[in-house]
Amino acid sequence: MEVLLFAVSAALSLAGGVGVVAARQPVHSALSLLLVLGSLAVLYLTLAAEFLAVLQVIVYAGAIVVLFLFVIMLLHARPPESRPSPVGGQWGLAVPLGAALWAGLSYAVLRLPAGGRELPPEFGTTEAVGRELFSRFLLPFEVASLLLLVGIVAAVVLGSSPAPPSVPPRSASGREEA
Amino acid sequence: MVPWIVALPLAGALVNGLVGGRLGRRGTSLVACLAVLGAFLLSVAATQALVASPERPAQVVRLFEWIAVADFRISAAFQWDPLSALLALVVTGVGFLIHVYSVGYMAEDPDYSRYFTYLNLFVASMLVLVLGANLLVLFVGWELVGLCSYLLIGFWFERPTAAAAGRKAFVVNRIGDAAFVVGILSVWGLLGTLEFREIWRLLGEGGGALRGHPGLVAAALLLFAGATGKSAQLPLYVWLPDAMEGPTPVSALIHAATMVTAGVFLVGRLWPLFEAAGPVLAAVVAPVGAATALFAASVAVAQYDLKRVLAYSTISQLGYMFLALGAGAGHAAFFHLTTHAFFKALLFLAAGSVMHAVHGQIDLRHLGGLRRSMPLTFLGFVVGALSLSGIPPLSGFWSKEEILHAARAHAAGIWVVAMATSFVTAYYATRAAVLAFWGEPADPHAHPHDPPPAMAWPMVGLVVLSAFGGFLGAQWAGAPLRAFLQPLFGDHGEASSVAGAEVAVAVAVALAGVVAGWWAHRARQEPDLGPLGRALAAQWGVEAAYHRAVVRPAKALSQLLAERVDAGAVDRAASGLADLVVRAAAAVRTWQTGNVRQYAAGVLAGAVVLFAYWVLR
Amino acid sequence: MPSWVLSATVFSPLAGAVLVALLPRRDGLLRTVAILTTLLPLALAGWLFWQAPLGEAGFWLTERGLWVPAVGIGYHLGVDGISLPLVALTAFLFPVALVGTWDAVRTRVKEYLVLLLLLETAVLGTFLALDLLLFYVFWEAVLVPMYFLIGLWGSERRAYAALKFFLFTMAGSVLMLLAIAGLYLATGTLDFLRLLGAELPAQGWLFAAFAVAFAIKVPLFPLHTWLPDAHTEAPTAGSVILAGLLLKMGTYGLVRFCLTLFPEVARAAAPLFMALGVVGILYGAAVAYTQPDVKRLVAYSSVSHLGFVVLGTFVLNPQGLAGALLQMVNHGISTGALFLLVGVLYERAHTRDMDAFGGVARVMPTFAALSLFVVFSSAALPGTNGFVGEFLVLLGAFRKDPRWAALAAGGVILSAVYLLWMVQRVYFGPVRPEVRTFAPLRPHEGAALVALVLAVLWIGLYPRPWLARSEAAVQSLVQRVASVAEAASPGWGGRP
Amino acid sequence: MSLDLRPLFPELAVVAASLVALVGDVFVRGPRARMAWPVAGVVAVSVAGVLVWRAGDAAFGSLYARDALGNALQAVALAVAAVGLLLARDYLVRTGLDRGEYYALVLLSTVGAMLMVASQDLLFLFVALETLSLPLYVLAGFARDSHRSQEASLKYFLLGSFASALLLYGVALVYGVAGSTALSRLAEADASFPLLVGLGLVVVGLGFKAAVVPFHAWAPDVYEGAPVPAVAFMSVVAKVGAVGALLRILPATVPHLLSAWQPLLAALSAATMLVGNLAALRQTNLKRMLAYSSVAHAGYLLIGVAAGSDAGVWSAVYYLAVYGAMKLGAFGVLTFLERAGVEADEVEDLRGLADRSPAAAAAFAVFMASLTGLPPTAGFVGKFYLFTAALEAGLLWLALVAVATSVVSVAYYLRAAYTAYLGPARAGVRVLRAPWAGVGLGLSAGATLLFGVLPGPLTSWAQRVAALLR
Amino acid sequence: MTVPASAYLLLSAALFTLGTVGVLVRRTALILFMSIELMLNAVNLAFVTLARVHANLDGQLAVFFVLVVAAVEVVVGLSILVHIFRSRDTVDVDEVDLLRG
């Protein structure tokens, strides 16, 4: 059962991954990403991380990808990669580097200590994770709220239309007018 | 008393140098002449004291410790002994006469006080040279007279030739001086002292254990090399003919009577050292002197510039002196030094009078017939020329006789050369006199006349000295000079008897020279000597050879070093490194394409390299 | 004698610099204040010179304080027979240079004076520092003011010359910095006096690092090519200081650190340095001869003269070393004066090309007379300071090996060749029309030159006060080198 | 598990100030009243600084430690923030960017740096790193209407996220080996390939923040495009955080693996010094030149990490403090200049500065001398310590690279300083009145000189870090 | 646990690599950004797996924080992107190269 789930989810996630990278349309990439996220949520379940699986679906699939899609709509994104690029597809670099990275990472993860330890019954449940989060990891949790604050500020700074300033707006750098 | 001999002319120079412009010509001349006269009188007084004491010990006056580091300690000190006394008398005596002469000669010159400053400074320097109690003080004087010579040769510095001649004199002298310095170092390295008295003490009696020591030989050779520079001997004589660019009184004082004899003085001063050095005197000093004597005399035959004739003559006569030193006859050399100072100064002053009278004309081809219009000058020149030629009973005869005698006793070859020189000397002296004073005046409209008293009286004085100065060393007068110098040169070397065949031959040769000179030029024509004449006129090609072999290569080498080596290689190496860095900088910048994906690739590549390192480790 | 005198000497120009920086921009006032300021260290140095005990080898006046206690680095100044002449020279040359070039600089006068005063503090500090890091701080602190002096008030190629000067010296000194760090790691101290007694590792490498830094500064052939450019482009006062003092920092460093700290290696390396010294003497003179630019000629003459100093230093006997020390002072005076002369000419002609001159002696007789004094001092005529120094160096070289002395004596000939060539072309000859309009020597120029000429004559005629003050230090240094070398086998040490 | 919040007071003070700036911005109008934000910011960081100064050692869970190293670097970060705020004010007003968000972002980023240097856990480190970085991405794009600023922001963001991902995988690997992300567990781990790869990826991520070659390429572009005061702040604060974290992770936590990571760090250091200095050599754009200089300085700082010794650590801390002063100052001088209504960022724009503002020109010369490492400035002392540390660690070759590149750097630093003294000023370049920035500049210059002339106190202070590491 | 942890980890490595390749080869900023999200998810998978392996929750908490960070990153990143698009009408990163050299 677990093997099957793993195999299917792994295959789907890989396919999704390839899709993200290879799709011509951003929308397709976003949908592929959604596929990956979903498959991973399934895998999380097999790994006794039910809380995370739920979170994955809600936050990632439900919020992040939707946000991506919104932006794609907003930018009414056309296939942009039509004009020639100064650096080309960079496949010549990406493939060997990617291969090396993959080889390195694989070799590394294969040499990690094997598991097999018995899991406590409530491992990965919302309660268990929550308890940890609000005890040991309270500090980063609070800091994460700061991060969210930064996100809001960013949206305000970059998203709002400029407040009418007392002096006419000026660009920060001089060469672009030239 | 001795320091004052130096101090007086020095003070004169200082006064004239600092406030000369405000003293007026009369004040300047008074200060300058009185300073030298005072020095002369002091010298006379000091000499009398010396004569009075039979052993004539060297008296040393220490002023202060000059240079002292560890075991090297040198004082500024003066020494008064027969040799310095003799030279001091010559320098101040002849110097005084020439100062007086200069008052007239330079009367019109705008740089009057500068001239006397230099001249006084020269006398002071020369006195430092002759009075120095150790080699280093001597060297101070030695270099300072070179400086004064430089300044006075280039006195009319706006004339490019004068400026160049001054520099040439100084530089050529410097070559000798460099050797001199190393010679001084050798003496110190060998003996641990530079004091003359110490040197004499250590090397007395033929040098003792050090006799013939290679270091001593080297020292003697180096010092002699210094002497050849200052005394214009082969091969460093080339500066002296050019030095005639200076005012004529300067030529008389510095380039005839005093400074150029410094080399002779040096050898005399270090007589024990040269004697102890073994074969140097005989094998080097005498041949060099003889060769120079004949060579310079021969060149003088073909010169038209009256002062150049005299300059070569001076070189030749200095060769005689070295010949004498080489032959071991120190007293003869100094006897000749003294008489030469008289008659050569006289010749120069006469030449100066001529120039003064004919507006600077000095080319023998454009002179002539001055006999009648300038009787005193004519007399002076003839007395000087005959004295130079060694015609008895003039002073030159007596001193030259001593030298010829010593040469004969020393080596036949040297003697033959000396005799030949004697003939040539008489020839060119007569030639010059004939060309200048006989025949018809070159310019019938000019009215040359004898100089004013300030120039005339010194000439009179020198005429007397040239004519009768022989008594100083002549045998018949009891050879007072020889006796005076006896503590230094000792008694060895047989005195000339001035009798017999030897003297007859010498006089005959000299007379033959005079007659030949007269005969050849009686009609104011130049006999055609063919290729020999051209060679003589070109000084046997020495000057050109120097130019080809030394001056031009030196300049080329300097150019090469400056352009090819310094700018081309050494500096290029540094700037090449800089270029390399700059090129690397340009290369590094091209990586910065502005493309995000490339930057990401860079980051990833870095990570991969990191992996690779840990895999391969 | 209170020890704060040393600090006061070093830092009084700094205080003056601050004062000048704060004063209003009235050029005359600023110049006056600057010159008065430089009289302070001169007075203090004069007092030190006067008070110096004769025959005492060590540092007879030192001043200690904590500086970076955390790493055991101290503030340590001290004066002995080796540094005293250079301190005196520094204190003397700065006022002379300032007076001599009174209004040669007319733009940004305040900055100019501030930099010069900062420079004086740095130079004095270099000569007095007894802690290696402090020494290095002063050593490097010299660079920036000098860089700006050349770069801002120099002539056409000033930017290039300034940077070249900086890069060359810096390249050497960073190696020295590493060596200093190495010394610190090995011994735990940078106090010079403590290092004297310490066992130093890898002496060969340390020596080499120090020596390269100093050799560039000296400059020793073939590391000299920064010098002609820097000297030529610098403003007159800058050239005077550069030639007169900054080069001495290199030779001083060789004596103070290379010889004293690494005597064995110094002995082993002596032939190399003597050879380089002699090559420098001859090469500098030969190259000087055909320079068309008066300042370049003088610059190359420095290469030649400094060769004598290096030669004297490394013959490792009292006469050579004393001569080298005195020659440092002499070169400072003579070459400083030469640059001042060129500056006087440049003020009038605005060119340094020798072809543009001729007959200056007719138009400016007093100037010409003073010039001749200086030229002959540079040519080491007896009676001038140059002779005493060069003769002692030659004497020392002769004791070591007569052949070195003979070769070096060749330099004596060559210096006459190029200097008189310069005199002939600039001062003598027919008066050129441009030269005819030259203004006569101005009082401040004359005063500076007279001061220098008097110094020339003083040291030339009566060098005893100078020699006596360094004699004991020199002798003890020579003994140190000799005795250590006997005790231990010479060699190039181990790897660091 | 109850929490003692007292050790966090400094951070809380800064957060509070940022909130004041954010919230107050909504209500407050009028230029005079808006001075409250920088004032509040400076006061807050000063208070925080005092609190840090007085704080003892205290562990806060297993994630965060208030220890000597953290305190020292927090103090540096706070000082940087204070000066950074001072430098920003006049510029922001002039360019119409004077919004509370700017101050808030600077303060939030500072909090990130403070947490980062004190974090005892890689996961927490990651969160802190993001707290540091995300505000910087926004600050880079703060000049909203400038294409360059936008581009800077985008590049910084994309590459920063990419690097964070790499770092995160490294954290995962370390977690896989040690079973925890706590540094205390990492300290007990044995060398294994996955651990080293994990550490390596962490180094990549931190190296990116510190602009270490080859992870540096963003820096010149971002620095050129971003508004000057933001650049001044970010060029320092990111290094404080990243180098601080590197010091904490490598020499302080895994000294037993020294032989594994030292050669790598040394190589990175050497490459960084070489590339940074070479690339700066021919720059005509001053901001870019200073950016490359900041790359180069990452290399010098890494010497301290690579040395792996006490001396290395405290030297790096010392140099971070010094670097903060001189880099803030160098960029700060640019806030005085304006060309044709926009930022003046060419070296040539400095012309005439000495005539119009002698003090700014003199300060600029001091900063350049210090960046070069010339005495008597603080940069020299710092470099001396670093070189000594390298030698002590047996890294002679690295020290040689460092001195050689220092020599190269002379060329461009001095050229810039020199240009400020040349005249006449370029057409259109104005020197502006900027009293706030003037104070900031004065503080930087004062510190640069003070720590150079009297390095003693700062040295002892930095050394305490090393003493308490063990 | 029948499927070995290493299988999950290898999958995570593969996804991570795919993400990096995407960053290197794609020009559309959005897709590039999504590739980064892919990388983060790969990391998350590794964390979850390792949490399972070590039987402690640290890994899962890590995922939580990564998630939060990712969310904020998306907010910030998309703000930047939208902003740029509005003023330059492109999201092609290859065209964003005013700054270089």
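So that you can tell them apart, the chains are marked A, B, C, D and E in the order they are listed, and the count of residues begins at 1 in each.
As a convention for this text, contacts are C-beta pairs under 8 Å (C-beta built on N, C-alpha and C of every residue); 3 or more make two chains touch, one makes a residue touch a chain.
This is a predicted model, so every value here is computed, not measured.
Relative to the centroid of all protein Cα atoms, the closest per-chain Cα centroid is that of C. Top-ranked chain pair, ordered by C-beta pairs in contact, is A-E.
Placing every chain at the mean of its C-alpha atoms, the farthest one from subunit E is found to be B.
Rounded to a whole number, the gap between the C-alpha centres of subunit A and subunit C is 68 angstrom. Our note on geometry: subunit A versus subunit E, Cα centroid distance of 4 Å, whole angstroms. Each chain gets a centre from the mean of its Cα atoms; for subunit C and subunit E, those two points are 65 Å apart.
Separation between the centroids of subunit D and subunit E, computed from CA atoms only, is 26 Å. Shared interface positions of subunit A, defined as residues touching 2 or more other chains, are 86-87, 90, 93-94, 97, 101, 104-105, 107, 109, 112-113, 137, 140, 144, 147, 150-151, 154, 157-158, 175-176.
Shared interface positions of subunit C, defined as residues touching 2 or more other chains, are 167. Looking at subunit B, residues 589, 592-598, 600-601, 604-605, 607, 611, 615 sit in touch with two or more other chains.
Chains touching one another, given as pairs, are A-B, A-D, A-E, B-C, B-D, B-E, C-D, D-E. Note for the complex: subunit E touches subunit D at residues 9, 16, 19-20, 23, 29, 32-33, 36, 39-40, 42-43, 46-47, 50, 53-54, 56, 58-59, 61-62, 65-66, 69, 72-73, 76-77, 80-81, 83-84, 87-88, 93, 96-101. Against subunit C, in their complex, subunit B makes its touches with residues 17, 64-72, 76, 114, 136, 139-140, 142-144, 147, 150-151, 154, 157-158, 160, 162-164, 166-167, 170-171, 174-175, 177-179, 181-182, 185-186, 188-189, 554-555, 557-559, 561-562, 565-566, 570-571, 573-574, 578. On the subunit B side of its complex with subunit E, the touching residues are 589, 592-597, 600-601, 604.
Of all the residues in subunit B, the ones that touch subunit A in their complex are 593, 595, 597-598, 601, 604-605, 607-608, 611-612, 615. Put simply, subunit D touches subunit A in their complex at residues 1, 3, 8, 15, 22, 31, 60-64, 93-99, 101, 104-105, 108, 111, 115, 123-124, 127-128, 130-131, 134-135, 137-138, 141-149, 153, 169, 173, 176-177, 192-194, 197-198, 224-228, 339-346.
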